[in-house]
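Structure first, commentary second.
We just call them A, B and C in the order they show up, numbering each chain from 1.
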Amino acid sequence: MSLAGLQDGARVTPVARAPARRRRPRLEAATPGMGHGVALSLLPAVLLFGAFFLVPLGVVVVTSSSDWGPLGLSFTGLENYRILFADAAFWSALRNTASFAAAAVLIQVPVGVAVAIILSRRIRGWRLLRTIYFLPNIVSGAALALVYVTFYNPRYGLLNQALGTLGLDGTRDWLFDVDTALPAVAATWVFTAGLVIVLVMAEIAAIPEEVYDAARVDGATRWEQTRHITLPLLRNAIGVCVILVLLFTFAYFDGVYIMTGGGPADRTLTLSLYAFQEYSNSNWGYANAVGVLLIALGLVAIVAVRRLFRIGERDF
Amino acid sequence: MAARLLGRSSRGVFLALVALACVGPVVWVVLSSFKTQSQIFGRGDLLPSPFSLDGYEALFTQIDVTGYLVNTLLYAGGGTAGALAVALLAAYPVARLRFPFRRAVGLLFSAGLAIPIAGLIVPEFVIMRDLGLFDSRAGMVVFYSAMWFPLAFVILRVYLSGLPPSIEEAAALDGARYFQLLRHVILPLARPGLATAGVIIFINVWNDFLFNLLLAPSSEHQNVQVGLALFRGQFTTDIAAILAGTTVMMVIPVAVFVLFQRQVIAGLTAGSSR
Amino acid sequence: MTSPTRAAALGALVAMAFAGSGCFGGDDGDSGGAAAGGEVVITCEACPTTAPENDPFAQYRKELTDAFNDEYAGRYRIEAKPYTPANDADSAQHYQRAAATDTLPDLFTDQATVVRDVARSGKLVDFAPELDAGWKDTFQPDAFLSLTDAEGHVWGVPEQRDAVGIFYNEDLFRKAGLDAFPASWDELLAACSALKSAGVIPFAMDGDWVTQLMWSNLIGTSPGGPEFLQAGIAEGDYAADPAVVAATEYLKRLHTDGCVNEDAFSGDYNRAAAPFLDGQAAMIANGPWMVPDIEEAKLDAGYARSPGDGLIVIPGEAGWASGARDDAAREAVTAFMTFMTSDAQMLRKALVTGSYWPTTFDPKARQAKRLEPLSYDLLQQADSVAATYPHAKFATPQAFTDAWINQWPAYVQGDLSTEDFLGALSDAVQRQR
């Protein structure tokens, strides 16, 4: 009953899927000295986690109200936030990040769910297709960015060459035209729903066949089966997917940094890139204010989505 | 009947379009990396003709790709080993033993997955600098181990909870101590979980761009993602070299994935649904 | 074994997983100092250890380092610890960080604006005392312009003084019926039409370096232009200067009239270089370091001053700076600077790299004959041209360039007014001060 059972189409075994049953062997009584072992065992994790998650989190929050740079730190209260909300670049970044988030939730997730449902019917070549869909998740963001820089190049990129062959306008500089930059960037990841597909397929595989059999006996069409059985049962998984794509969107950096640097005129600037730019300009306190906002956004998103999708108790 | 057929073909078209969106540009870049400069510029066809290794030659002679690859291998291997080791040590007690604050600790470590680490770039930089780990290979390995510890923890915890409860009872009968138990009994049993988490983390560390750029930016310490992406500006006219570089960046993770598909997918479904 | 020992062993295993890779621990640049035998070792991040054939600057630097080590063997020695930045921003960050972490090398080079930025950390060597003692006379009067700050500190020693002109493809010019390079801005527009009719891209630009060079030419050939480019530009407030506004609008017009390649954005120098070197574009503004690429592309090229009778002359755009911390290292560094700017070394540099000297060196005729004709000829025109001026990047921080790359496409596409575009640039500069 191991995780290896979570393959391709096999029914997921209840033991591995259900929330971990609390095993409580009372070992302390049987073998004194285990306590020390446990403490030592947890120590590296505590140190690493503390140093690289907890301390930074604290630092970000505390110094977000300061003017911090290589030359020193001085607290300035809410000054950073005042500057932040007055900065047009910040609003661009916020708007763009929100647009990306919307695209992720409204396009990426539905596409992934739809593909997963279709593939779960075990049509021919479904395994190969799933690999193809997952490929963009395997390749690095940097590599993909370089792929698309070339793809979108006005002179020799595939897109313009194809458009030219079809007799359409094949001269646009997609990544640097103020009207097309944001959609062009979004298009590089919004249709690649590999993770969603994999997760939803695994969840669909856990639905017992009997439920569908009963529905078929009652005369339900395939679409009705999907709508009334599959989708409701996928509620949790879809909710998890929404959280995952939102977290990815907030963290998205590689693509915008390499493809456009945030331009033109901040049309593709995201909060993460904005924070990095401020870090590069040694405005550390200010960058941390942006960081605080990013983290807050992430937490809000998780809480909101969990509530919306009524996700049960999870580790998140 | 007609509706059925229409439904089937439109589904097929849909699947094909999504597939094209996923791999089309990538395949084009890989194919084009074997073209000559003039074929790339000319409104040519998709397949290279003549087949040429000019791009690869230019790439490997002009920049230290081997160095970048070695760095990336070190970071991915070291980071994975580190994350797995620390995570196993932490996940075992949280999953299977009882001790004060166990649930809180488990929750805390898992919560690491929820923080968009892009918001922490400044303090990560400062902490690495203050610990003397900034701009060093060892430092990158430590950082990656810490960064991927939460995911490894979550995956291993789920996995270990799934093992039968009799293990500890049998061990108690044998009078085993904690680390003996861990090393001789749990470790072998945990191998599939370790493999799963390991493959996912390896690929992710291999692909990392932001944190290598942020924390070990000098050119001797760059990984292949940062090194090749930034060098784009150096190639005045050699597009084939850039395409070759992009292909090189993608090869290893794809190969690892193809070999370990099963583990990757299993791990993701376990790690994320919890 | 008892439990604690086991635990320690396991802990050690985990620790080894980290330390094992410590064998590959990176090293950062830092200062040398007096070695036991009295030979002073100084670290140099601009000195390469290998010199690939297609990189004349690397060849020159390596020869320079070796020659210095030979000359001063036993007294001073340069330890080469080359640092290759991927781009300008990368380099700027690297040295800022080095200053913040006290790991600056004894010798390094960078753009003057970066050197001045890093100098604010207080960790750089000030060469003003040595210069005041008479060394200054061997340099051109404007040589230290970019490396001196408002208080008179001199943070670096310039390595070159070059004239930056406009390369033009003589074949394409002939094809369009043009027999001379345009001498005025109106003539440039006319040449543009002729070239377009001949199916040629008149001007190649890239949205950053080349574009800013032409902007600088437009401003520099206007009244008050040279002063603006030397100093006024660092103040911000560009929209108030009519010459700047006119220059910006003319430059935009070149784009909207179809005189410039369609993909003249992104800041990727490739976008300008590719069409020119491929023979599809007729003109490109760039420095003499492009000559080797042009020769390799077998183009029949000329090198001209700017329309409007002006020339970009950049004295000391880049400089050698030092983070040396003790007197022995400083002495060695000064010896190097003197060596580097000596006549023999400067001539050698011009022969290998095609870039010229910031000193008053005047080569004899037979020496001059060996120099690259296009660039040397243009440099000598600096004496007869109506106006000489630096280019925009000379006195502006990296933030200016970042803002330019960001806003320029939107401005050309009509999404921003000239005032707003110049305002964005001004903001970027003023925020850094």
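Here is the rule we use: contacts are C-beta pairs under 8 Å (C-beta built on N, C-alpha and C of every residue); 3 or more make two chains touch, one makes a residue touch a chain.
Everything quoted here is computed from the prediction, not taken from an experiment.
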| item | value |
| --- | --- |
| Between the pairs A-B and B-C, the one where more C-beta pairs touch | A-B |
| Chain whose mean Cα position lies farthest from subunit A | C |
| Subunit A-subunit C separation of Cα centroids, rounded to whole Å | 40 |
| Whole-Å gap between the CA centroids of subunit A and subunit B | 15 |
| Geometric centre distance via CA averages, subunit C-subunit B, whole Å | 38 |
| Two or more partner chains touched - positions in subunit B | 41, 85-86, 89, 142, 145, 177-179, 182, 226, 232, 239 |
| Residue numbers of subunit C (touch at least two other chains) | 3, 7, 10, 14, 93, 100, 274 |
| Per-residue overlap in subunit A, given as positions that touch at least 2 other chains | 33, 36-37, 40, 44, 155 |
| Of all residues in subunit A, those that touch subunit B in their complex | 1-4, 6-8, 12, 15-17, 19-21, 23-28, 30-31, 33-38, 40-42, 44-46, 48-49, 51-53, 55-57, 59-60, 63, 68, 111, 114-115, 118-119, 129, 131-136, 138-151, 155-156, 158, 161, 164-165, 191-195, 198-199, 202-203, 236-237, 240, 244, 247, 250-251, 253-254, 257-258, 272, 275-276, 279, 284, 287-288, 290-295, 297-299, 302, 314-316 |
| Touching residues on subunit A, where the partner in the complex is subunit C | 33, 36-37, 40, 43-44, 70-71, 153-155, 171, 173, 175-178, 260-267, 277, 280-282 |
| Interface residues, subunit C side, partner subunit A - complex | 3-4, 7, 10-11, 14, 89, 93, 96, 99-100, 120-121, 207, 262-263, 265-267, 274-275, 399, 402, 405-411, 413, 415-416, 432 |
| Subunit C residues touching subunit B - in the complex, by the definition given at the top | 3, 6-7, 9-10, 13-14, 17-22, 24-28, 52, 54, 83-87, 90, 93-94, 97, 100-101, 268-270, 273-274, 277-278, 293 |
| Touching residues (chain side subunit B, partner subunit A) in the complex | 11, 14-15, 18-19, 21-23, 25-26, 28-29, 32, 40-41, 43, 85-87, 89-90, 92-93, 95-99, 105-127, 131, 142-143, 145-147, 149-150, 153-154, 157-159, 161-162, 165, 168-169, 172, 175-179, 182, 192-193, 196, 203, 206-210, 214, 225-226, 228-229, 232, 239, 242-243, 245-246, 249-250, 253-254, 257-258, 261-262, 265-270, 272-274 |
